[in-house]
């Protein structure tokens, strides 16, 4: 069990981080579909900076900044110019994917051995890490893990428990109503998209910084798209996302475990399990899988059609 | 954002994301066409300008690179054949995206549908490899269409019956399909010598006839050309095509006026899946001669780009797809002659798309000022 | 020192592209004053108020509050200056509770749970008490009827300490009793020192509650009058203006607006209908979207050429009734027949084929394809019929031709048949929908709030069209929250309360107050209750 | 160009087509190395990287129409297309890779047989000797016939070693997915496998990452293609080394000499080698080296078994 948790936690970190970033902007109505690209860019930037500066924290922070920049472009294009969110998002996805590869190639170039960085070190929380079963996997972790835990709780607190969160959520539910009460719709959308996109990039940076120590093209391998699925699965709510991410990561690890143990089933079918299971869960998820009413639609104060 | 009771609301508002192609202001068809084409031309020019600057800044020759991108499709028979062979899956995957989009649904699953179509086609082509072409070829193309449609049908059922968001289901089904075809290519009909997950070759009767001397153009291109006309007419002039656009515009108003909206939304996905499945089957019959892993290439993304650029016009779509096929083929040459990384083309495509969006704003300003 | 008026707007100009919505409009509202803002559709009333509330940015012009010039660039500015607005369409978060909606946008001490909201609850209770606006603070918005949601909107403004309260057509959905209650609240407010701006199309209401009134037409102010120096006829004349020809005695249309529709008494026994039998509803049972059985065992006969009107407060099953009669919503049990043709259990398209036409209440949401042209909008619904097709394909040339004819016949203000429906004004959208409905040559016409928000001219036009189809033998069901309208045009009036018939009257013998009681569930039903 | 025409490829226009990026420090980097060696010998070179299997025919034709005299596709997944295009272009020389001996080999096509199973055999012996748990993991990418052959050869090696060890093969589904490789390696380790034989490209870096922090001297990892001991000398056990410059050079020479078709079988001394890390216990090292010698001398015959691994 402890081993299982240890294996699950890293992928949980990735999924949670990226999905929290996604729902953050989603709750204000910005439907971000750039994840696959922004995570790749985050991985590339995170690695390149960590390698050149010799600082993993630097890599994470700059990755955040670059992701935030993509978020800024997305939000300017959609809130100021009111271009379609989905189309702009896809365009940015292409651009970010291209930029990720270009950056690595320009800075690192062709090398015989891929340059490698030291991955994040684990920190131990005294006492707690001695708890049987969960102590080792949950309390001996790198700081990104602890950050994600705090972030998730913080987001929950902010969205569900504070007045600011009440105002914040209303932007995605009925922007016109929010606007008419003096809530700055564009501001909320802008900052949530910038921060959210930054978080997505950090999730990408976690790949070289935690898993591999190197950057490779295509290392996100479609997980960015899964993040979008996860946001829906989690009903765009922080704590549900935490659970959903655990489900995704858990199924992933279980699939591998099944192969290692050897079930006599072709391994491809075992690898399908997480996706099939998610689809099955979604069949029953309509109870909680509600999405913000104005997810994906732009707000134009003076338009009579919108809202 | 309007929603139908039967189906969950889709992100990206009720309607297709982009405004429909601009109408000529009653000032004749010529200006109408000009208004439609102009933004595309301007966007492409701007994208190349910005892309060229980037290439130059990275220390390559922008002139060589862009020349390669633009001319390589046209300066040899081979280039044209390759471009058209790429055009087929791009245009079909664009339909796979654009047809469901007409009803307001986002099909992100063309990859999986294409792979299943290829598998279905290959299954027939391998199992009945001795049949003559008159029987085998149509059978395998039909099998491809059905397999793709069936795969999209899963998402359609999940959507219509269980209200599972189609973005989510089609994305997930892509991942499932990768595993499924890997199994088919390595365990069901594996080709031991292929060095790659690939099925054994399909029978000779399952190969599309080639036109002209080698490298020949496969006749699937003509088939798709005919299909393009059929779809353009169908969407504009048939009641079902009209209903699809109506549902995309306002599902509730359509429902109230007798359109079976959720069934239609499901049908849109299934038809789109069929188109992608056909792309797979044609690729097997015309190009690869077998189903192999990776044959979906980046057609999903290209199909989405094209589908979005077409802004609901099934007439414009094949032309845009051709433009993108030229870019994609040119990208390889660009790498060859100017050593510019292929990623550059992704960036240029993104730029075209963004400039195209921005052209809407410019046009609206112009219209407002007029 | 002379005291400046509470609010002063001078020479406000606002254009939308080529449309000059406000053409140097000025407005003065004093303290302790209910100021009526009147005018036809598109006169610019809402636009003027949206400028005041910071939702629209004026091209030029000035706003002074208590004599001090102010700049209002967003609702936040307006709220801080004590301006509150109740919008024509409610601006509420459906999934939030009443109290959450009320506190939205304010700074909450102590979070959005428990402690933070309890202060707000107390404040809401206090406001409710003072102005007679009672609500359950913990009810979820989407489950509340329109009348209550209206109150929440007012409470929202008062909660923010509004000293100038704008109400944009607040009475359209209210029963006479509720209108009276609202007006009492408004008088209390001005008595406490507030100023109220009331936008309405109804002259009776204006005269009942306003101290002063400003009439607008085509983006300009026509005149500002004192209550004392005007009467209904005079006001109506100013509102209709020269553009509608010389002033004539009020027709039934104007009578509705004037609130002078004939009044009668409740009849115990509704006489057997004198119409030839047409539509017959037997034991109809219907569920709402939440699967709650809202209408059960409903019987109804509508004769050929008869107009049956349903009066009721929104949320009493109107939508369900309308949609079921129109074949959009399936019946749980029971039957609907037209001339012995059983329609229940059939697909909507077949209802349309059988001549059922439906004019839904929510034009934008249910009525039109906003990004499609008028041609496409008129085709919708009949697009499968052989009439519109040539060798199997849709004949667009003919469709455009028909659209052009409809534009002329229904006086739709549009450049061409290609004009996008979403770009049309509300009244013109309604004309498009009516044109579509009448093109069906209907045998059953279901109209839900057919004239809501329409000006006198448009309303008259709608009534004329209804008359025309009834003359041709069409059965008509009008479901409206506007009691005056129902009384004015229906042959029979039925009060709808919680999905059942709470009373039935012949329209020449009704007492609006009695209907008002019945539609709010007061008193036992007499006569036709099911 | 080179001044003397002695070396292979002098004056030729040689193109290489690679399946992945040449920055992978692995299979594709080896391909570029081989081309660079040919360039030193006077050839004009060009290459295309990250070419997907569906695009290979187009790419081949592009080089043919670009006037290249020798076109080399690096990776057996390209064999079919290469043979097809070769048959259509009899004037151009082609080099393709294949696992085994192909049928209907065109007159103008050279084949490089990479012979993986033979080279993996000694790793089986080594792994059996290194494992204290008796559990050896094989971490592959795609479950392809050549990977199956590797697994069977490993099993044969384990068997011949006389030790009692089980081989557990798993597949990440992608030779370059570093993240999956990390996860699977962790899984294998936590399943008690203490020797991990990898057959990956870039993915192997992830496998190394997963070894980090586990007991040294107990857990071991072997790699393929290039020496990656620098990643983690403590756990590094061995490399199946490949050098494609050798076959390329030899074939270019043959083409120069007029022989336009043939099969170059790689093996010990012919572009393939097994290199064993310094930390490996002497006994195990000796057993593995003996196995290499036996294969080389012909004393041991490694069976080519491409049947599916269940």
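Quick notes on this structure:
A, B, C and D are the chain letters, set down in written order, and residue numbers restart from 1 in every chain.
The rule we apply is simple: a residue touches a chain if its C-beta (ideal position, glycine included) is under 8 Å from a C-beta of that chain, and two chains touch if they have at least 3 such contacts.
Remember, it's a predicted structure, so these values are computed and weren't measured experimentally.
Distances between chain centres, each the mean of the C-alpha atoms, put C farthest from chain A.
If you average the CA atoms of chain C and of chain D, the two centres end up 76 Å from each other.
The distance from the centre of chain A to the centre of chain B, each centre being the mean of the chain's C-alpha atoms, comes to 28 Å. Computed from the mean C-alpha positions, the centre of chain B lies at a distance of 36 Å from the centre of chain D. In chain A, 105, 268, 271, 293 are the positions where the chain touches two or more neighbouring chains simultaneously.
Looking at chain D, one finds that residues 50, 143, 173 touch two or more other chains. Taken residue by residue, chain C touches two or more other chains at 364, 370, whereas all remaining positions touch fewer. All chain pairs that touch, listed by label, are A-B, A-C, A-D, B-C, B-D.
Interface of chain D with chain A (complex): residues 21-25, 29, 32, 50, 137, 143, 168, 170-171, 173-174, 176-180, 182-184, 186-188, 190-191, 202, 205-206, 209, 212, 226, 228, 230-231, 310. Of all residues in chain B, those touching chain D in their complex are 76, 78, 82, 85, 178-179, 182, 186-187, 190, 192-198, 214-215, 283, 287-288, 292-295, 297, 329, 332-333, 335-336, 342. Touching chain B in their complex are the following residues of chain D: 46, 48, 50, 52-55, 57-59, 61-62, 65-66, 75-80, 88, 97-100, 102, 142-146, 173, 306, 308. Touching chain C in their complex are the following residues of chain B: 2, 5, 15, 19-20, 23, 26, 233, 236-239, 242-243, 245-246, 249-250, 252-260, 368.
Those residues of chain B lying in contact with chain A across their complex are 1, 8-13, 17-18, 58, 106, 108, 158, 162-165, 167-169, 171-176, 179-180, 182-183, 186-187, 301, 304-305, 308, 341, 343-347, 349-351, 353-354, 357-358, 360-361.
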